[in-house]
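Take a look at these structures.
The following pair of complexes shares a single chain, chain A, combined with chain B in the former and chain C in the latter.
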Partner chain A sequence: MTRRDLTHFRLIKTVLHRRGPQFALTALALGGFVLAIVSGLAGTPVGSRNFGIVAVWIAWWAVLMLVAVPLFGRGWCSICPIPAPGDWLQRGALLQPATRGLGLGRRWPRATRNMWLQNAAFAVLALFSVVILTQPIVTAVVLLALLFLAVGASLIFERRAFCRYLCPVGGFVGLYSQLAPVELRVKDRAVCAADRQKSCYTGNAAGCGCPWLVYPGALEKNTYCGLCLECLRTCPHDNIAVNWRSVGADLLQPRGRRLDEAFKALIMLGSAIVYAAVMLGPWGTLKSAAYNIGSGTWLIYALGFLAFVFVVLPGAFLFTVHAGRKLARSAVPLRRAFVHFAYALIPLGLAAWVAFTLSFVFANLSYVWPVLSDPMGWGWDLVGTAGDSWTPYLTQVVPALQTGVLLGGLLWSGVTVRRIALEGRSQHPVFPLTLPVMAFCLVITLGLLGLLVG
Partner chain B sequence: MQTSVIGRIALFGLPALVVLLAPTPSGSAEPSERIIRIEASSFAYKPALIAVAQGDHITIELVATDVVHGLHVDGYDLSVTADPGQTQRLTFVADRQGTFRIRCSVPCGPLHPFMIGKLKVGTNWLLWRAVALALLAAMAGVVGFRQ
Partner chain C sequence: MNPERTARVLVFALALALPLGVLLTRWAGIPRQGGEWIEIHGRMSDDGGWTPDEITVDVGEVLHLRLTSDDVVHGFAIGQSNFEAVDVMPGEVTQATVTLEQPGRYVFYCTRWCGVNHWRMRGTIDVRGETSEPDTAMSPLYQSLGIDLEAPHPADVAPPDDPPSSHRGANLGVPIPDRFLTAAYYRAHSPGETWHSLRAEAAAHQLTDEEVWDLVALVWASNATPSAIEEGGRLYASNCAACHGERGAGDGVMARALANGAAARLEDRDPSPANFTDAVQMLGATPALLQGKIIRGGMGTGMPNWGPILTDAETWALVAYLWRFQFGPANTGPDTAR
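On to the complex of A and B.
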């Protein structure tokens, strides 16, 4: 596997090393974030005319799912505005790498040092998503809540506890960042081992110790590296590399596979299926059920959603893994096989989200132009596009694109299933072991094809 | 081993190419006149699924039952709008095969962006090709490309 260290390029290294460019992008994002909150609270309640809804759920979501995550993994987290104010308070500085700021600096409780809270946070947001996506005020409240949580976490706990353990977006961005063709790693582990100071973790005058509680010297996966680039600044040995690598390299790393992450993969895949059915399907009753929060039908929808993503889909997957073990007479414990094979669902999961997003975004992208000109929906016309009418884009090619993406995801997942099975080659024949799991991936893909292009 | 790689590529690649490049058979039946009445209410179309044959001359009668609704046909990029209680007509020839989303083109309330139906013209060859390719992809996964 070839890796190419992008920091060899002078320009890239300078841009990444300096705080200015990253700060500027964060500040810009924070500006948009604040405007989204303000327009959500004070602007028009008509979602498709409100900057908050259009900027967050169409523009930001499109950039995140179609560009940032597939290409840069956690690139978004590098400039995310949500943790920024808390971060600045915690450090007592905006641009300088100061070390004395506010906050209690507590350690995060050990029992929740995993992805379960993020799994729960995502599921809760998903239950209300049809309302969040369509009501400006609800979007504003959710953004504010995330901001408060992030600031609170920064003041009580050390480093970026919110990002690492709470953020509902951070969980799946981390999961899918394993597929990205970009990674931050150390150049030479021996240099790290010989270094007593470990400034990248403890911090020094040049920057903070890893805000994500990650020791770069041991990094093997992108999942919890927020690409904040502090270690690039603190490492006195210039031992940090930002590599261009082959996509999905982390999936083939057997060490460190965990049940919470396996469930994240299943929850995300399940949610993509539900979203495709509810939001892009032709079933009006399903939409009203998801929208009328608190009603009896919503309760049924909510329970159905939770049952599907936490029980039915994982249960079906468990069953296929079990069947494969039986067919192959494999001695690998069921739980272990379940966890390991779940990582093969990550490409299909991202493909499902990209396919969902393609349809949703291109159909609604033209709402962006009027909203730029009239963010509050108050009848302004700042750049002359307030009157632009709605036109869905690329309607003739989107279904083919979605198909291609889903098939690509299936193929990638299939290759990964096989690679994971080959990791324990001595213990079991690969073909019968993978057959049921592949069938699972195939059925999911056919279901998604039916929902999105059928 | 070299030959086996080539063998595998041929095994999956050739059928995949055939599936991709096979010409689309077009509907052969005599085109007919179809008048389809669609009721639009927040936030669904009734019926939500319409199936017609390729080449049919379609007239959609859009009736908005509560507020103003629109109807935009993806792929054909045609639309029509109806005021409440009013009926508006959209006439076109369904010359392109496939399944196309129809969506509301007038902001009509919170769920407006999700007000979606489907128009199925003839056979959805995209879907069937996709199904065939998915089967091939799954088989390739089980058997493996390399060694």
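On to the complex of A and C.
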């Protein structure tokens, strides 16, 4: 499929160019974000009746994982409220591209200009996730911590350092955004090369330099483009396109594959497996261990979780890659093969998270209606839906959807494994090289099917 | 308006004014004790029980309650009052109104089995008035009879096989002296004692031991009306069955948790719920003793004290129901028998 520049449509171009619509959505999201914090701190501690839990972990998560990430990649990042206050302080303005703001503007330390901190941040949150997802006050504290962290990062470091290097959500959203059918790219690289101002990176009167520290002229993957659209506004040559493209196009881009991103793919896949086992599996002991934070059993659970996502699963994958190299008598260095083939796990990882999300979103979506009417659980009935009872939706359809999604993810990963093996016109035979990795994907898929569908 | 200023107003409205408004609404409308509404939060007793757990009102004052649960489903009832129990759902607010016309200390309690320490989930309402002594301050019968609730009370006789039957006893055609048929006699004597007394009656000389037990059942039936049994059954199902078991065998769903309870271990007591199907123990107990245990509770065990909650009539109805586990479900007299 060829790329189609959506900015050719006048209406789309106008909406994307103007700051108003994007700002309005961000402000709306910020209002919801603050309300989630307030309800977590002052509302009912019953998660299913608290706006914070229902809005964040059911409504927002559903929109993020079922719509935003698969279709728009980092679309959510473009209106995310968490970095907004820090961003506004840094710029000294909310809407205008002003330049006199607060902040030291330091550069982010070179050693951590990668995804490892995001990997660690996600793992830390994952260790406490059972409590975060169910207790409003814990959710509120986590949201507040993210807000303070984002504002602090904006006041100390240049641009959106929090989004780029710290945000635990941004890491996996960036990873999976490579699959999205939407991308922001330059129309003609020659135009960028000839331009000396590089306004897209340095900023001008029309907008800020790329807050994500990305030079659009060199952009080849969605991973670190936050779709903030500043470059669309600052480019004096109208050389920025927002393309509709083939899904997963970035996976076939061999340049820029890195170990931290490879581990991100494995961590996300491993986390989906653990989440499915803890939250949907039949093991009450495991569930209790995950919930009883600080206890000895939780410590064992935490160590087990970290060992699984950082050692066991990557180790098993390393072994399969190694086996493939041996079978195919390939001379490709093991580390290189590990990193490249790990990108084939990205479709399966997203499928795992979509399937996991399906398992609880439709079952719990009806909690949204009472919470809209009584967000704090104080006995209000603002829109007359406070008394609506819990009703699971699509219970008959969800298992089939999950199966389809997982099998689709397996197929997509299988195709990607083969294409990665074919990169560079290597002389080694493709089938034996890819067989163990495909078997790895198959085993993971069967495990997830067992946990999620039964 | 300047777009930047509009943006600031929008952010102020959504991110600051909205949540602040929510909190102010709460603050302005929050019911406080002494005000129009009192909000009571329920949590499992290990997490705090009722908050607040002490309320003070004047006699005859209308008490407006907003009840909500912070964890699981609870129920709310006020002992020794005509307040009808309501369910308290997690995160939902149930409003209730009650007026307590008699001064004294009332106990409100949870009516849903919310955990092993469910029975600890209690609070008090002090109703101020001219009289400070509530009805429950009256001395219970077991005390005036000098019954030691802790003393063993095994029966030295027991029916051979089948449970005694009041119907069979009535069909014997043997007259029972009136002194056996009074409520005072029934409450102060155990079935075992009554069996010995009836056995000694001249009219019973020709009867077998089993037939004398049928006469005992008849005596007990004369003190158990169908309406009392029905009320006792309702009270048993909602308050006792979780520990003592639906069939009275001491094997309710909470029995195992009670056996492992820390309180029971500390007191060095057998925390197992009483087995009402145990003939030796039951036939040696007087109704006054059973009522005493209900009123006072089992010290050091999981048995709550129901004295502040159940009325005198309710405790006797409950006692009457307990004898079903020895004399069978049909062991009642007519509603006018008492």
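Miscellaneous remarks
The rule is short, and it goes like this: the second predicted complex is superposed on the first by the 450 of 454 C-alpha atoms of A that agree within 3 Å, B and C clash if a C-alpha of one lies under 4 Å from a C-alpha of the other, contacts with A are read in each partner's own complex, and residues count from 1 in each chain.
Heads up, the rule we're going with is that contacts are C-beta pairs under 8 Å (C-beta built on N, C-alpha and C of every residue); 3 or more make two chains touch, one makes a residue touch a chain.
As the structure is a computational prediction, the values presented were derived from the model and not from experiment.
After overlaying the two complexes on the shared chain, residue contacts for A:A27 are found with chain C alone; chain B is out of touch.
With both structures placed on the common chain, the touch criterion links A:M438 to chain B but leaves chain C unconnected.
By the touch criterion stated above, A:R418 is placed in contact with chain B alone, chain C being left untouched.
Looking at the shared chain after the overlay, A:S199 reaches neither chain B nor chain C. In the superposed model, A:N119 makes contact with neither chain B nor chain C. In the superposition on chain A, contact of A:Y291 is made with chain B only, not with chain C. Taking chain A as the reference chain, the count of touched residues is higher for B when chain B and chain C are set side by side.
Judged by the touch definition given at the top, the superposed model places A:L410 against chain B, while chain C stays out of reach. Of the two partner chains placed by superposition, chain B and chain C are both touched by A:R49.
Residue overlap on chain A between its contacts with chain B in one complex and with chain C in the other: 46, 48-49. Chain C meets chain A in the complex at residues 3-4, 6-8, 10-11, 13-16, 18-19, 22-23, 26, 66, 68-71, 90-93, 95.
Put simply, chain B touches chain A in their complex at residues 43-46, 48-49, 72, 74-75, 77, 98-101, 103, 105, 107, 110-118, 124, 126-127, 129-131, 133-135, 137-138, 140-145.
Touching chain B in their complex are the following residues of chain A: 46-49, 130-131, 134-135, 278-285, 287-288, 291, 359-360, 363-364, 390, 392, 395-396, 398-400, 403, 406-407, 410-411, 413-415, 417-418, 430-431, 434-435, 438-439, 441-442, 445-446, 449-450, 453-454.
Touching chain C in their complex are the following residues of chain A: 20, 23-24, 27-28, 30-31, 33-35, 37-38, 42, 44-46, 48-50, 88, 93-96, 375-379, 386.
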